[in-house]
Amino acid sequence: MEIFGIPSQALFGQLLIGLINGSFYALLSLGLAVIFGLLNIINFTHGAQYMLGAFVAYLGLTKLGINYWVALVVTPLVVGATGMLIERTMLKQLYKLDHLYGLLLTFGLALIIQGLFRHEFGSSGMPYPVPEVFKGAYNTGFMFLPKYRAWVIVASLVVCLSTWYVIERTKLGAYLRAATENPSLVQAFGVNVPRMITLTYGFGVGLAAFAGVMAAPIYQVNPTMGADIIIVVFAVVVIGGMGSIMGAILTGFGLGLIEGLTKVFYPEASSTVIFIIMTIVLLIKPAGLFGTQK
Amino acid sequence: QISDGIVKIGVLNDMSGLYSDITGPGSVTAARMAVEDYIKATKSTLKVEIVSADHQNKPDVGSNVARQWYDTDKVDMIADVPTSSVGLAIAKLSADKGKLHVNSGSATADLTGKACNANTIHWAYDTWMLANGTGKAIVKSGGDTWFFLTADYAFGQALERDTEAVVLKNGGKVVGKVRTPFPTQDFSSFLLQAQASKAKIIGLANAGGDTTNSIKQAAEFGITKGGQNLAGLLVFLPDVHSLGLNIAQGLKLTETFYWDLNDNTRAFTKRFAAAQGGKYPSMVQAGVYSSVIHYLKAVDAAKTDDGTKVAAKMKELPTDDPLFGKGTVRADGRKIHPAYLFEVKKPAESKGPYDYYKLVSTIPANEAFRPLAESECPLVKK
Amino acid sequence: MTTVPTPSIKAQSFTHQWVAFAIMVLVLAIAPIWVYPIFLMKVMCFALFACAFNLLIGFGGLLSFGHAMFLGTAGYAAAHAAKVWGWNPELAVLFATGCSALLALVTGMLAIRRQGIYFAMITLAFSQMVYFFYLQTPFTGGEDGIQSVPRGMLFGLFDLNDNTAMYMFVLAIFLAGFALIWRIIYSPFGQILKAIRENQDRAISLGYDTDMFKLIAFVISGALAGTAGATKSLVFQLASLTDVHWSMSGEVVLMTLLGGLGTLFGPVLGAAVIVSMQNYLAQFGAWVTIIQGVIFVVCVLAFRRGIIGEIANWIKKPL
Amino acid sequence: MAEPKEMLRISNLQAWYGESHILHGVDLTVNEGEVVTLLGRNGAGRTTTVKSILGLVGRRTGSITIKGQETVNWAPHEIAKLGLGYCPEERGIFSALTCEENLLLPPVIAPNGMSVEEIYDMFPNLLERRNSPGTRLSGGEQQMLAVGRILRTGARFLLLDEISEGLAPVIVQALGRMIKALKAKGFTIIMVEQNFRFAAPLADRFYVMEHGQMVESFTSQELSSKMGMLNEYLGV
Amino acid sequence: MSKDFILETRELVKEFKGFVAVNSVNLGVQRGQIHALIGPNGAGKTTVFNLLTKFLIPTKGQIVFNGHDITAEKPSQVARRGIVRSFQISATFPNLTVMENVRIGLQRATGTSLHFWRSERSLNQLNDKAMALLDEVDLGGMADLTAVELPYGRKRALEIATTLAMDPELMLLDEPTQGMGHEDVDRVTQLIKKVGANRTILMVEHNMNVVSKIADTISVLQRGQVIAEGPYAVVSQNPQVLEAYMGTTDNQLEGAHG
């Protein structure tokens, strides 16, 4: 059977690949959405923090002999901690100002982090081996699915859905959402808002680092690995609706699929298709697919 | 007469981006070594100075720097310049200003083809050579059906075009191609298409991070295990280093320089690595070394640093240096020397770091580059 | 009744702006004696670009994150007109400005309906599409760009290959653009623009078609950014993808911010600083980005008004 | 009966918003179980006083003792945990939360707060609109929500800033009855009111503010004799 | 009916996701009157305002202004027809001076607002008119302060001056006295009465004192429907209104506000 001249088997394969890439978009845009939704900061450093995640894992492996599993847990904590430091020392001063300033500050930080790593490590990638358990692949009948990629989908789904649950369905999440709008009032109700915000930023950054560790065995660990993906991830968050957690997740996976299909039918446009979709979505639904207008 | 008494060489390349490991500060080191070695060997009285700058792989940044070098900083020759678009811009500018550009970094064969000029010399390698070296050898050894993964920009397209011509000429067939946006992180979708095409050879008409990512992911998706082979149309030693032999093993590629070719190259590499924090030289960096030596020789011979005159002198004099051996510079500006087809070793075969290549065959100098007869260069009288 | 201060109508005096303007003209007129003229021309092109951008954000409150599309479009248009059609430079620049204005009109009509961060994102999206278009379409020469663009004869009389003539041409364009922006800011139109920035709903309820005002501002800003791009491509005889890339849109934000958002002279100074930095730090590779990053951070944390903004605040007069 | 227990004592409170100095030495005492009303013109600094108690102004100096604890250097959330409930002037309804989520938001800080049912009984509008986003409620409904939600937390010391504002007369009357009931239960309340008719019958004591200072204070018994003075200050 | 209605709504309906906020409202505002819209919280008053000024789109029904059906027009068009509103939360241009605020209102009539090539000085001709308007609302002495510096009550006055600058035929005021001290309430009440002398005003107000003093006609809205209409004396005796809005019958004339 063929669909648009492509054998359906191959098409399934492509869709699956799209879904895998979507997992990365979802993970990254989730972190971005959490940070935007709850701190009102457009975290341009996200790409650099994703790169940091991959690098910390790489350095951990080569310098300290830390294996993948330990790295998967430790790296988000370490990078998240640096994030909290940034929040405490810099971002904190910007909450009352226009979004623009947060965006500019984090943009500057991204340049610094990326510059330093490029200076230190050059720009060709470093290898990171696939963990032993995930070596090899499944033969699904219609494609050859590397085990590690399957793991990526599973891990990403679990992390995304639990984050969504915490934020949209628990009391903690309600505090977070309320604190976005009027932090001092929530604090006046007896909630330690500054600490909550610091932890939230740390968490969002940790998510980026987590995605970085997940990516290390697939891509080259490289100082510029986050620079280009960040723009795409922004687009994902905007399409999903700024600040909407579910929006970020669904759009992440959805756009992965669409991008995957574009790679089959018109590969040259595959890096642009997301922006075309973004324009259309914003024109029809100004606040994004799942966003609510303020 | 040497302008203001100093021969000034500008090393213009990518200091911090995609090609900084292949060119970058290493090229500056190579140029310095060349000056030292030349002065020591010839007791020449030339005063030589080296400046360097980052062109960020952007033609506008590059030509901006070059213009200022030529206009106000009294630079006489610009060396290196990776990234074809920048190389072309510098070549044109050098001709306009009557200066000299000796390019080792760019791939495009147009530099000695339709964009050639009297003030530009192309040193280490070019797309025609890469296509011919890797393409021909692979088709000859049975790899006769091809699928191209092409980086969607001028360089990738040129490489694909040249290789396709070679494949067809040698009786091979191209069963498909896909243009990948530049840069791309994830090649899995494209690799799947390549896999589905059942081509024996997947030609990677890309460079840098695109190449390493596509090779890495090809291994992940079991492409090589499934019987298909990769042909890296532009792979440098540092790329193999960053991939690791586990993944890169078996890859076929063409270069005109490898550190382990002979005693001279080994001796050079030892000194280079000492100066560059243990990194081994790439073909481009070796090219910068060799081209600077020949340039200085020509300056001494012509007794001037005037760009046009030195260029003519460089073409007149035969070349001879420790890294590329004896050779010539042709009328179209093409430096001629042998090329080598390598295969990346298996991990077990490697005796240590940077011991990566196995020599498969040597392509003699007169076959390695595009014959003058086929050249579109207006300088070539037909 | 409580006592209220009874100020007289503040006689708003703008003499200091004229003084600043005179200083700027003077500096630009004599600087080529010491400074490499092409470098100065580059500064002026970027200064005009930043001023155009600042008109939109500083006075209209609209952050466009895709302004590079206007710079780049005009760059290609001028290069093509001059090189392929052999047009005179003044016609090429005019034509290119028109192209950017048209692009601004089309994208503006869609983008202007959104506010704040959505506006920034939709302009970014458009510029990414424009980038893709130029990457794919043959006339731009892809990665190579349009090289060796002839500078030509101005009005068929002055040979612009002479750097002095070219310099005068660029200076004239820059000053004209700057003066236009200056006038717009202090025009009836500028007044409404400010009102919209302050309180859009109220402006609507007073009967102003705010979308119309924003669109006009957007088109003017895009057109002037285009003038800058066209001039730049003549100066460097090259139009390339760099000018359409999103990082160029980021750079203009940096210039404006450093100089002073919403100030008249800030973008000019900001552009001068950033361009010099890129020029003189070129050999330091990765350090350029690191230093740029540090500037961003320092500006946002300590210098939010930007250099000129701080000075203006200090002398308590708008600059 | 024993000496009334002191709930709050403010002395020489100075407060700033950024550069502007708003409060110039405010003194105020509130005993447990008292209802105290702050009167004054627009901009006199009443809201600022209330916010200062919770630490919500930019900077403050002086002394604020709540239940015997000096809190002038505490963070707002620590102060709130002493058992304060705050209903801000601008209502502070969260748009990202539904009406009911808004109601349930403030953490319970002491036992014996009102139940959600009781609150819905008092403000039936809220029950009807419980699933609407908070800021889609009408102005008055938002006001009800802002009052309702702090009654749930068990806080027994309430700071109410202009709660009768924008409400229909019926609702204002209901609020009046509610405050009487709370007073009977022993709540301590500071009210900022523009609406003198509403505040007058409820309060035990009154303070009058002007230009960031307390200019007058009197008890409800003295009210009638002070009307002339009030007229001068407030134009009542 | 032979009354001269400047504004009429016919069967106006607004639903929010199934919730009917405004339900078949037929409202007629007579030319030259001060017409008050009152009703319990959540009755739909602000929503009606938003519908009239097109900040919301009606689900059903028609809005007719001066005989024209304006149901399909844009907010700024409606404003140009002469319907200008104030907001429940004060709306000025905070960083412009008081004078400039008013000039923004006056500028529209000059037709030069789009002239980006003209000097701002061309607007100075409006200064006298602006000053006159400011004097009318007692803000003459504060012309040079920025709006953000004004005390609350004065901001409302400024808003009214800006609105007057448009010379509107119909002014819509949403709770103009909310949050004001007694002094200011009186001042604004007088002001409304003064400016209402030669134009039509539709206002929402909870302060019965104000309403009783200046409103010619009152419409009472409850649950999106008009339950009573007429002069204050009539409406305030209506048992349904008393029950739904004013509460206990004993102090009806006072209302809740002082």
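Read from first to last, the chains carry the letters A, B, C, D and E; within each, the first residue is number 1.
What we mean here is this: contacts are C-beta pairs under 8 Å (C-beta built on N, C-alpha and C of every residue); 3 or more make two chains touch, one makes a residue touch a chain.
Which protein is which chain? UniProt says A, C = Branched-chain amino acid ABC transporter permease; D, E = ABC transporter ATP-binding protein.
All values derive from a computational prediction rather than experimental measurement.
Peer 1: Can you list every chain that touches chain B and also touches chain C?
Peer 2: A
Peer 1: Both chain A and chain E are touched by which chains?
Peer 2: C, D
Peer 1: When the centre of a chain is set as the mean of its C-alpha atoms, what distance in Å lies between chain C and chain D?
Peer 2: 51
Peer 1: I'd like to verify one number: the distance from the centre of chain B to the centre of chain D, where each centre is the average of its C-alpha atoms, in whole angstrom.
Peer 2: The mean C-alpha positions of chain B and chain D differ by 77 Å.
Peer 1: Could you tell me the distance, in whole angstrom, between the mean C-alpha positions of chain A and chain C?
Peer 2: 33
Peer 1: Among the residues of chain B, which ones contact at least 2 other chains?
Peer 2: Chain B, residues with two or more chain partners: 16, 20, 24, 152.
Peer 1: Specify, in ascending order, the residues of chain D that touch 2 or more different other chains.
Peer 2: 41 - these are the residues of chain D that touch more than one other chain.
Peer 1: What are the residue numbers in chain A that touch two or more other chains?
Peer 2: Within chain A, residues 115, 118-119, 268-269, 271-272 contact more than one other chain.
Peer 1: Which two-chain combinations qualify as touching?
Peer 2: In this structure, the chains touch in these pairs: A-B, A-C, A-D, B-C, C-E, D-E.
Peer 1: Inside the complex, what are the residues of chain D that reach chain E?
Peer 2: It comes out as residues 41-43, 125, 129, 132, 136-141, 143-144, 162, 164-174, 194-198, 234-236.
Peer 1: Which stretch or stretches of chain A touch chain C in the complex?
Peer 2: The touching residues are 42, 90, 93-94, 97, 99-101, 104-105, 107-116, 118-119, 231, 234-235, 238, 242, 268-269, 271-272, 275-276, 278-279, 282-283, 286-287.
Peer 1: Taking the touch rule as given, give the residues of chain A at its contact with chain D in the complex, in rising order.
Peer 2: 174-175, 177-178, 180-182, 184-194, 292, 294
Peer 1: Under the definition above, what is the set of chain C residues touching chain A in their complex?
Peer 2: It is residues 63, 110, 113-114, 116-118, 121-122, 124-126, 128-129, 131-132, 136, 246, 250, 253-254, 257, 285-290, 292-297, 299-301, 304 of chain C that touch chain A.
Peer 1: Quick check: in the complex, which residue numbers of chain B touch chain A?
Peer 2: Within the complex, chain B touches chain A at residues 16-22, 24, 152, 178-181, 183-186, 188-190, 192-193, 195-196, 208-209, 212-213, 216-217, 220-222, 226, 238-239, 241-244, 246-247.
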